[in-house]
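Residue numbering begins at 1 within each chain, and the chains themselves are lettered A, B, C and D in the order written.
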Amino acid sequence: MNNLIEKSYKTFRVDGCTDQKTFYFKIGKVDIKPGQFYMLNYNNSQKPFSVSHYDGENIGFTILKRGNTTLHMIENAKIGDYFGLTGPLGNSFHTEQYTNFLLIGGGVGAAPIYFLSEYLSKINKKNSVLFGSRTSSLCDFTHNLKSNKSATVSYYTDDNSGENQGFVTNGIEEILQKEKIDTVCLCGPEKMMIVASEKIKKFTSVPIQISMERYMKCGIGICGSCVLDDIGLRVCADGPVFDYELLITSKEFGKYHRNSGGLIEKF
Amino acid sequence: MTHTIKFAGVNFNRNGVLASGILGVTGSSMIKTAQGGAGGITCKSISKNFRKGHPTPVLQVFKHGVINAVGLSSTGVDNSNNELRNVKNNSDAVVIASVFGGTEIEFKETIEELDSSVYDIIELNISCPNVADEFGHAFANSPHSASNVMRIARSATNKPIIVKLSPNYPNIGLIAKACEDAGADGITAINTVGPGMLIDINTFQPKLTNKVGGVSGPAILPIAIRAVYDIYKAVTIPIIGMGGITEVEDAIQMIAVGAQLYGVGTGILYHGIDIFNTINTGIDEYLREKNLQYDDLVGIVHKQ
Amino acid sequence: MTHTIKFAGVNFNRNGVLASGILGVTGSSMIKTAQGGAGGITCKSISKNFRKGHPTPVLQVFKHGVINAVGLSSTGVDNSNNELRNVKNNSDAVVIASVFGGTEIEFKETIEELDSSVYDIIELNISCPNVADEFGHAFANSPHSASNVMRIARSATNKPIIVKLSPNYPNIGLIAKACEDAGADGITAINTVGPGMLIDINTFQPKLTNKVGGVSGPAILPIAIRAVYDIYKAVTIPIIGMGGITEVEDAIQMIAVGAQLYGVGTGILYHGIDIFNTINTGIDEYLREKNLQYDDLVGIVHKQ
Amino acid sequence: MNNLIEKSYKTFRVDGCTDQKTFYFKIGKVDIKPGQFYMLNYNNSQKPFSVSHYDGENIGFTILKRGNTTLHMIENAKIGDYFGLTGPLGNSFHTEQYTNFLLIGGGVGAAPIYFLSEYLSKINKKNSVLFGSRTSSLCDFTHNLKSNKSATVSYYTDDNSGENQGFVTNGIEEILQKEKIDTVCLCGPEKMMIVASEKIKKFTSVPIQISMERYMKCGIGICGSCVLDDIGLRVCADGPVFDYELLITSKEFGKYHRNSGGLIEKF
C-alpha cells in the first residue's frame, strides 16, 4: 500500500542532453524490479516513467522530450527540484527461470531495458542487448553497460551516428544464432516490437516479454484509461509487461491506443 | 449473492455494482469487472460532448482512501454508445449508464442521444464535487435542484432512472424524497465526500492539479452507511449503497441499513476486481450462517 | 514549536492545541496534556446547565478513525469554572473555554457566567453534529446563523472569541467570513464530519446509542486540510486547524494551508498525549531543515 | 489497534445467581493479561468489565447487579445473545518479577482477582487469595481455584454465609506472617483497599498493586471521564492498575469519584 502514496524527493543529479534527460533521486531501500514504473509528478504534471536505474539507494528515470509533461520536466527541472514519486507500480519482467536473455530497447524503451541489463549482470545472468534510437546521443545513458562482463551491447541508429546504422531489429538474427537465448524482453514502439517478435518467432519459440505503454491517469488500476481492448487488462496494474502470445489477442496491440480523453488514436 | 435481485424493475444476477468512474471508460474493462463478479456495471459518467477532464495528477492515495478529481472526462455520447454496446453484448451484467450534464437540458439531451438498447438503467450523476469551479454547486445540493434534473430527464427515456446523491449537502433524505417524487426509480449513494485536499510538504503544492478532490475509499464508510440509512427512512424506491466498501462486513452493513445493492469503486484498489466475487461469496455464507434471506437483510436495521 | 506564537492577541508557548472534548472534562487531565506539549488547551464544551450527554456507547473506533456522540455532556458553568481555574493556575498553556448553547442567548449567558479570569479565549462550539435530534441544524450551517451567535456572544466578554466551524455544510469560507465580520477573533476548524454510522452485523443495531456520531481521526484529514485552505482564503483572522492530525506531516500540511496553530483530538488515541511533543519537535526539525521560519510556513500554500 | 474496534460475540454460557452472573464468549486466541478489562455493550448499554476468566479461547466476565446497565444485562441477557466486546483494554498487574502473591478481591473486585489467580497458578506461581463479599453465593464462581496447587483461597462474608465471617482484611496478617509475599494485588471498594494497604504497610514494604474503578465513557483514553485528580492519569488507559504509592498522591483516592456527567460524588 505504501507504494501507492506519493512522496516527494529532490533530484540530486541530472544527466543527458536537451532531448532526453535522466533524473536521479535518493529513495533508500525499496523493493523494485526491472519493468516496474513510477508516476512522476513535477510541478503539477504527472506521467508514468519506467525505472531506468536503481542501485538499492538511488533511482533514475530517463525521460524523452515528447509532449507537454516531458518538455516541462526536461526544460525546467534542475538539481534540487522536488518530484512527487508514486511507486514502484506494475509488474516486472520474469527473470528467475531464465539464464540467457535477449533484450531490445527502442527509443526511450531503452530506459527499462537498461535497468534490466544492469540487474541481470549484477546477478551474473548473460544478456545480449540491442538498443535502437534516432540518434546515438539518446543512448548515452546506457554506455556503462558495456563494462559488465555478462552483457553484450550493440547500438543501432537511424542517422548513422552510432555503431550500426539501421533498425534495431537487424541485430536479432545474429544473436539468436550465436546464443542459446531462453527469453526475449522488449520495450519500444509497438510497430518495432511486432516486427521484432515476428522475426524471433521464425527462429525460436522462447517466451517474448513485452513492456507496454498506454495513456495512464491513475497508474494504480482504478481509472480505466490504460485498459487494452478486448482483453480488458490494465497496463498499469496487470502490466506493463505482458507475454507476446497474450498481447496478440488484444485487438489494439500495434494498431491503436487511447488518448487522455479515452478517444482512439491509430498508431 | 448468486441469485437474482430485482432493482427498479431490472433483474440483477449478482448484487454488487461497479461504481461510476472506476474501470468504466472502455467496454473491455467493464466486461472484465462483470467477470470479477459485479452484477451491475456503471460506466464513467457520460457527457454530451467530449471532455478532456483535469490534467494529471487527478488521483492521489492516502493511508485511508483516495482523493480524486478526474474532472468528468468523457469521450462523448457517440463513443460511449459503442463501449456500452460491447458490455451489453458480452456480459450478463446490468448496464447502468451514468450521465452528467452542466444544465438540466444537457442531461436530457445526453440521454436522448444514448442508444436505448445499450443500457438498462440511467444514473443521473448530479453529485460530482470535482467540477465546482466549472459548474458551481452540484444539482444534488437541494431538493429543488435535484428534482428538477430528475423531472426533465424523465421525459428522455422509458428506462428506469436512478439519481446519484452527494453526502456533502445536508438532508440527503429530503433530497432523495424529492427525487422520488419527481419520478426517480432508485437512488445511488454516495458520491465522493468533501472534497478533500492533500499538500506536498516539500513543494507546498496541492497534490492534485485541481487542488481539491472527492474523498473515497474506507475513510468514508461510516458517512456512506449513515447516508443510506437516512435515505432508506425517507423513500420507498430502492438504493444502491456505496462508499468505502472494501470487505464483506462493509457490504453487509450497507445492505442492513437499506441498500438493495451494494456498490464498489475504490475497493478495487485494495483487492482488485475479484472483490465482487469475494464479497458475494461472503454474503452468501453469512446469510446461510444466519439463516436469513437476502431480502430480509435489506433494511433490517430499521426493523429492530 | 518551542517559541511563542501570537494567536488572536494571545501568546502561545507551543503551537499545538488540545481539541475540545478530548481529555477536557477535568482540570487534571488538561494540565497533564499541557505537559504532553499542548500550548493551548480547549476544555470539553461547557453548557450553562448540567447535561448528562448520551448514554454509552458514545464512541466507537473503526479502522480509520472514530465516530462519537458524547452528546455534549457538561458539568455546567459552576463546576467548569473550578476545573478551568485549576488549569489556569497550574500550567503555562493558553486556556480556551469552549461553550455550547441551544440558543444564541444561552451562549451569551454561559459566557457571562464563566469567571473571566479562568480562560484566555472563548471558543463558540456552533458545530456539534451529535445533538441534531435535540437542536436541529448546528448554527454553523449558514453565514447568517453563525454570525448571529457570534454577534450576541461578542457582548458577553472582552476576551478574544473564536468560532468552531463544521465541514458538514457547504461554503465554509463564507461562513468563516460572516463570523469575521461579526467580530470573531479567530476560527477553529473542523469539528467532526458526517455524521457517520456503524452497524453491528450480528445485532443489526447502530454501534452508538445515538445511532449516528461525528467522524474524527485520520479518515477526515483531507477534508480538514481543504476546509482550512478555504477558510484561509476567505478571512484574515487566524485559524486553529484540526481534524485527523496524527503525525508531524499532517500538522505541517495543516499549517501550510493556513492554520496558525494545529489542533489534535483523536490523535491521542493512537499516540497518547505525547503526540504534542512529538509533533512539536518534528516541526522544529522540519523548519530547521528547510531553513524556514514558522510564520513563513503559515499559509505558504497560498503563496506558491 | 484491533482491540479498540468493537466486535460482537454470542454468549454461550451463563453462570451465577440473580444478583451476579458470569457471561462467557468464545473469542479465540487473544493476548490478554490479568487486570485488563473490556467494554461490554449489550443492547445499547455499555460499561467496562474486568476479565474474570480467559483460557486462551473463551473469556468470562462476572457482572454484579448494581444499576441500569448491569440490571439490564443480568435480567435480560441469555445464552445466544450478542454482546459487543471492545478490548482487551488498559494495563495489567505486574507478575513477571514476583514469585509469591497476596491477592485480595472485595465484592465484584473478585472478578479480576479470580483471573489473576487462575493465571498465576497456571504458571506455577504461589498465590494466597482472600475474597470478601456480602454473601457467599457471590463468590461461587471462584470456588474451583481451590483445586490449584499453587493457590490458597479463603473467603470472608458479611452475613456469615461462608467460611469466615467479617472483613476480608482480617485475613491479611496471618498470610503475611506465614508467606514470603513479594507483592500484593487488590481490587474492590476503595475504602477496603485503603484499610488493606495500611495494614500491609505495617508489615512489609512490598509493592501494592491496586485496580481502580472510575466512570468510563470511552474506555480508550480520550474522553477524559475517568481521570484521577490531581495526578491527571486515566484509569482506562494509564490504569486500571496503579501502584499504591502513586495512588495516594491522588486527592480523590478513597474519597470521591465522578459520575457520568463529570460531577463529583463522595464515597
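In this text, contacts are C-beta pairs under 8 Å (C-beta built on N, C-alpha and C of every residue); 3 or more make two chains touch, one makes a residue touch a chain.
Not measured: the values here are computed from a predicted model.
Novice: Using the touch definition up top, find the fewest steps from chain A to chain D.
Specialist: The fewest steps needed to get from chain A to chain D is 3.
Novice: What chains touch chain B and also chain C?
Specialist: Both chain B and chain C are touched by no common chain, going by the contact rule given at the top.
Novice: In angstrom, rounded to a whole number, how far apart do the mean CA points of chain A and chain B lie?
Specialist: Computed from C-alpha means, the inter-chain centre distance equals 36 Å.
Novice: Could you tell me the distance, in whole angstrom, between the mean C-alpha positions of chain A and chain C?
Specialist: Chain A and chain C have C-alpha centres separated by 50 Å.
Novice: Mark out which residues of chain A touch at least two other chains, giving numbers and ranges.
Specialist: If we look for residues of chain A contacting two or more partner chains, we find none.
Novice: Identify all positions of chain C at which a residue touches two or more other chains, and write them in rising order.
Specialist: Residues 62-63, 201, 203, 205 of chain C each touch two or more of the other chains.
Novice: Draw the chains as points, connect those that touch, then say whether the picture is a line, ring, star, complete or other.
Specialist: The chain contacts form an open line.
Novice: Can you work out from the touch definition every pair of chains that touches here?
Specialist: Here the touching pairs of chains are A-B, B-C, C-D.
Novice: Give the list of chain D residues in touch with chain C in this complex.
Specialist: Per the touch definition, chain D meets chain C at residues 1, 4-6, 8, 10, 39, 41, 43-47, 69, 82, 84, 86, 216-218, 220-225, 227-234, 237, 258, 260-263.
Novice: Which bits of chain B are touching chain A when the two form their complex?
Specialist: 21-29, 31-32, 35, 44, 50-53, 55-63, 66, 68, 70, 73-75, 79, 86, 200-203, 205, 207, 209, 265-266, 268-270, 272
Novice: Could you please specify the touching residues of chain C with respect to chain B in the complex?
Specialist: For this pair, the touching residues of chain C are 62-65, 67, 137, 141, 167-170, 193-199, 201, 203-206, 211-212, 215, 218-223, 225-226, 229, 249, 252-253, 256-257, 286, 300-301, 304.
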